[in-house]
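Chain IDs A, B, C, D, E and F follow the sequence of writing; residue 1 opens each chain.
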C-alpha cells in the first residue's frame, strides 16, 4: 500500500508548542510527517534556520516517523518531490481558515493529487503565534512556556 | 498496523455533491470511511432516512472502503463504538470553522483519542448547502446538478 | 435600451430606516426598484403584511421608480417573472455576506441572467435589524427612531 | 463616589466555568456584579430557574460583591432599574462579537447612560458553551468538568 | 438621463479571470465601466503598468463600454473627475467585506454622491487572488489558467 | 480601596474621534485612564510624537482623570510599571477582536494580574481608522471631521 506522507510546512520562526501539538496529534494519521522550513531569501529570520532545525529535531528525537528539513521554492512542488500527497495545516480560528482557503484551492487546481488536511490547534495553545512569541522574546521576556524546547 | 477509520457524520438531508467530494478526496487518507446519518427524533427530516442511505450507497457502490449507515446518540460515542478515531468534516469557509471549533474542542476534552480532520470543500461546490438544496426542491426547482444521484 | 429593474426582497417585519437607506441610495442605479415582501406560510409575521406594505408605500409616495408588493415562492422566480434581472441586497457587515454568499451563488447557477448587487448599509443604520426593532417593540419600547414611518 | 454596578445577564442554561471565569475576573473592576437570569416565557429551560440560581449562589457564596437573581422583560430596563450602568459580556471569539455588536449599539441609542463592557473568556474555557454542555448532559455524558458546581 | 459610470479600481498586478468576471457581469448595470489602475509610487509593481493596461484592453477589445487607464491620487477624487458616481468592487468572501467596509464608509462621508457597488466573485474564481498568481508566476509556474489573456 | 487604573495604548497616528469616544465612555469605569503612545523605533510616525501628545492633551484638558504620555517596550510591562491593571481596547468589529484575541490571551498568561477590557466603538465612528485618516490627509483631503482637535 502507498505510504501516507504529509508535509507540515512553515517558517517556524520559532516552532511553538502549538506547532508541536498539531504534529503529535497528526502522527496516527500518517506514515511519515516531514516538518519543512521554507527558506525565503526576501524575509530575514529572527531565529537562524539551522538553530531551529536542531531544536525541532530534539522535540521529535524519539519519533521515527518525523523528519525535519528546509526547502526552497514552492511548497507544493517540494511536497510532490518528496512524495508527500498531503499538506498538514493547523488552524487556530476561522480567520486562519479564511487565509488558507484561497491558497489551498489554488494548490488543488495546480496539483489535484495534493490534498490539504487541517487540524485544530488545541484550545490551550490556540493563542500562541510565532509572531507574538518572537515579539515577547525581543523584549527580553521569558517565552519558555510557549516552546517545546529550551532556547539557551 | 492499526486501521485508520473515519466517521463522516451529518444529517445529509440531502447528501450533496459537496459531501461526495469531501469523501472521495479523503479516501486515500483512510482505510475506511463510515458515512453516518445521525438520527434526531426532535428534528423532522425532509428526505427519509432509508431513502437517503440508499442514495448514498449508490454513489459509492464500487468503493469498498465506504460504509453507509445511521446512528443514534452522541456522534463521538458512535465513532468510538465503531473503532473510528477520526471525525472527518468538510469546511466551506471560515464561518463553518467558527461553528465547528467549540464542538471539536469539547469532543477532544471528553475523548482525547478522537481527532477531527478537516478538508476544504472544492471551490466548485462550496456554495452548496443541504438547506439551500432542500429549499429549492420544496419549491419545485430541479436540483439534480447539486446531487450525485438522481432523486426520482 | 433594456430597463434596469431590481428586486429588493425581504420579510421586512418591520421595514427599517436601514432598509429605506439602501433603497434610496440604490435609486440612481436602477430604472425601477420593486420592494417585495416574501410571504412565508410557515413563519408567522409580527407586523401584518398589508399594514407593512402600506407603511412602505407612504415612505416612497413621491418616488415613481419604487413599487411595493408581496410575492409567494422562490425570490429568484418572482424576480424573473417581473423582468427584474438584479437582486438588491444591503450588507451590514462581513457576517451578512457570509450568509448571503452561498444563496447568491446558487441563484446564479440556476439563473445566470440574474445578478445580486450589494450595497453597504450606512454606518448610522448598520446596527438596526428587524429582529432587534421587533423585540424592543414587543417590550413596549418606542422604536420610532428606527423606522421611516409612524407605527400608529 | 457613584457605585460601579454591572449586570451579567444570560439564560445560563446552564451556568458554566466559562461564565464563572468572566465574573471572577471582572470583580476587581466593579463594586457589585448582578448575575441575572432572564426569564423568557417562550423558551423552555432545560435546567430549572430556581435550581440554577441556587447553583450559581453556591459558586459565589463567599463573594459579597456578587448577587444572583432572575428578571423579566428587557435586559436594559432591568439594568437601569437596579442602578447598573454597565452590562458585562464575555466574548469567546469574533463571531460572538458580531452577534453582540448590533444589540449593544441599539442599547446605547436607547440608553446612552448604559455601557457594555466586554472581557474575553480564558483560552481554557473558550470552547465551552451552554448549548454544548446541555447537549452532552442530555446524552448522559458527565459534564462536571465544564461546571463550577455539582449537578447532583 | 444621466449616464451611469462606474470605476473599477485596483492595482491589478495582475488582472485575473476573477476581475474579468466581475466586469463582464457588471456591464448590464452600467453605461460605462472605467478599469483604473492606481499608480502608487511607494509600491513597486511586478507586472509593468503599460503592459497590464495593454493586456486588459485586449480582453475587452470588442466591448465599447469598457475603458482602461491608470490614475494617481485618491480613487474617490479620480472617480468624480471622470464623472463616475459608482465604485465597483468584487467580493470573494466576508473577509474582503470587512476590509472594504471602513474604506467605503469613509468615502461616503467625504463624497455622499459616490456609491460603492459590490458584486460577488463567481465561485469558480473566488480563490484566485493577484497575490497568489504573482507568487506562482515568480516560481516559474504556468498561471495561464488564472488569466484572461496570454502573458507572453 | 485600590485605584482602578487603565492603560489605553496605541500608536495614535493620529488619535481620532473614535479613540476619544472610547476614552470618554470608559471614564466612569476607571479612576484614571493613561493614554499611552507606544514608541516603536522601527516604524516611522507620520504625525510627530510630541505633536500628537499635545493634541490629545488639549482634548482632555478639563478631564483630571486622563493622563497622556509615551512609553517604550512591551505594553504589558509599562502598564504594570504604572500600576495599571486594566488594558482598555476599542473594538470596531469582529475582525478587530480576532486580532486582539491571541495578544490578550498571551498577555494574561504572562501577567495574570492584568485584564483587557473591551468597549465597542460607537456606530458613528466605527469606520474611522488611523490608517484611513492618514491616507486621506496625505492626499490633501480635509480630515478635520474625523479628529477631536484641529491639525493646524
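Assume contacts are C-beta pairs under 8 Å (C-beta built on N, C-alpha and C of every residue); 3 or more make two chains touch, one makes a residue touch a chain.
Keep in mind the model is a prediction, meaning the values are calculated, not measured.
Engineer: Which contact partners do chain A and chain F have in common?
Structural biologist: Looking at chain F and chain A together, the chains touching each of them are D, E.
Engineer: Identify the chains adjacent to both chain A and chain B in the sense defined at the top.
Structural biologist: Looking at chain B and chain A together, the chains touching each of them are D, E.
Engineer: Matching residue numbers in more than half of the contact pairs is the bar here; say which of B-E, A-F or A-B clears it relative to C-D.
Structural biologist: A-F
Engineer: Any idea whether D-F or B-C has more C-beta pairs in contact?
Structural biologist: D-F
Engineer: Quick check: how many Å separate the C-alpha centres of chain B and chain D?
Structural biologist: Each chain reduced to its C-alpha mean, chain B and chain D end up 35 Å apart.
Engineer: Please report how many Å separate the Cα centroid of chain A from that of chain C, as a whole number.
Structural biologist: 47
Engineer: What is the distance in Å between the mean C-alpha positions of chain C and chain F?
Structural biologist: Centre-to-centre distance between chain C and chain F: 38 Å.
Engineer: Can you list every residue of chain F that touches 2 or more other chains, as numbers and ranges?
Structural biologist: Where chain F meets two or more other chains at a single residue, that happens at 93-95, 98, 101, 104-105, 123, 126-127.
Engineer: Go through the chains and record each pair that touches.
Structural biologist: Once each pair is checked, the touching ones are A-B, A-D, A-E, A-F, B-C, B-D, B-E, C-D, C-E, C-F, D-F, E-F.
Engineer: Under the definition above, what is the set of chain C residues touching chain B in their complex?
Structural biologist: 73-74, 77, 95, 98, 101-106, 109-110
Engineer: In the complex of these two chains, what residues of chain C are touching chain E?
Structural biologist: Against chain E, chain C makes touches at 2, 4, 25-26, 28-29, 85-86, 91, 93-95, 97-98, 100-101, 104-105, 108, 115-120, 122-123.
Engineer: Please give the residue numbers of chain E that touch chain A in the complex, ascending.
Structural biologist: 92-95, 126-129, 132, 136, 139, 141, 145-146
Engineer: Using the touch definition from the top, list the residues of chain B that touch chain E in their complex.
Structural biologist: 93-95, 123-124, 126-127
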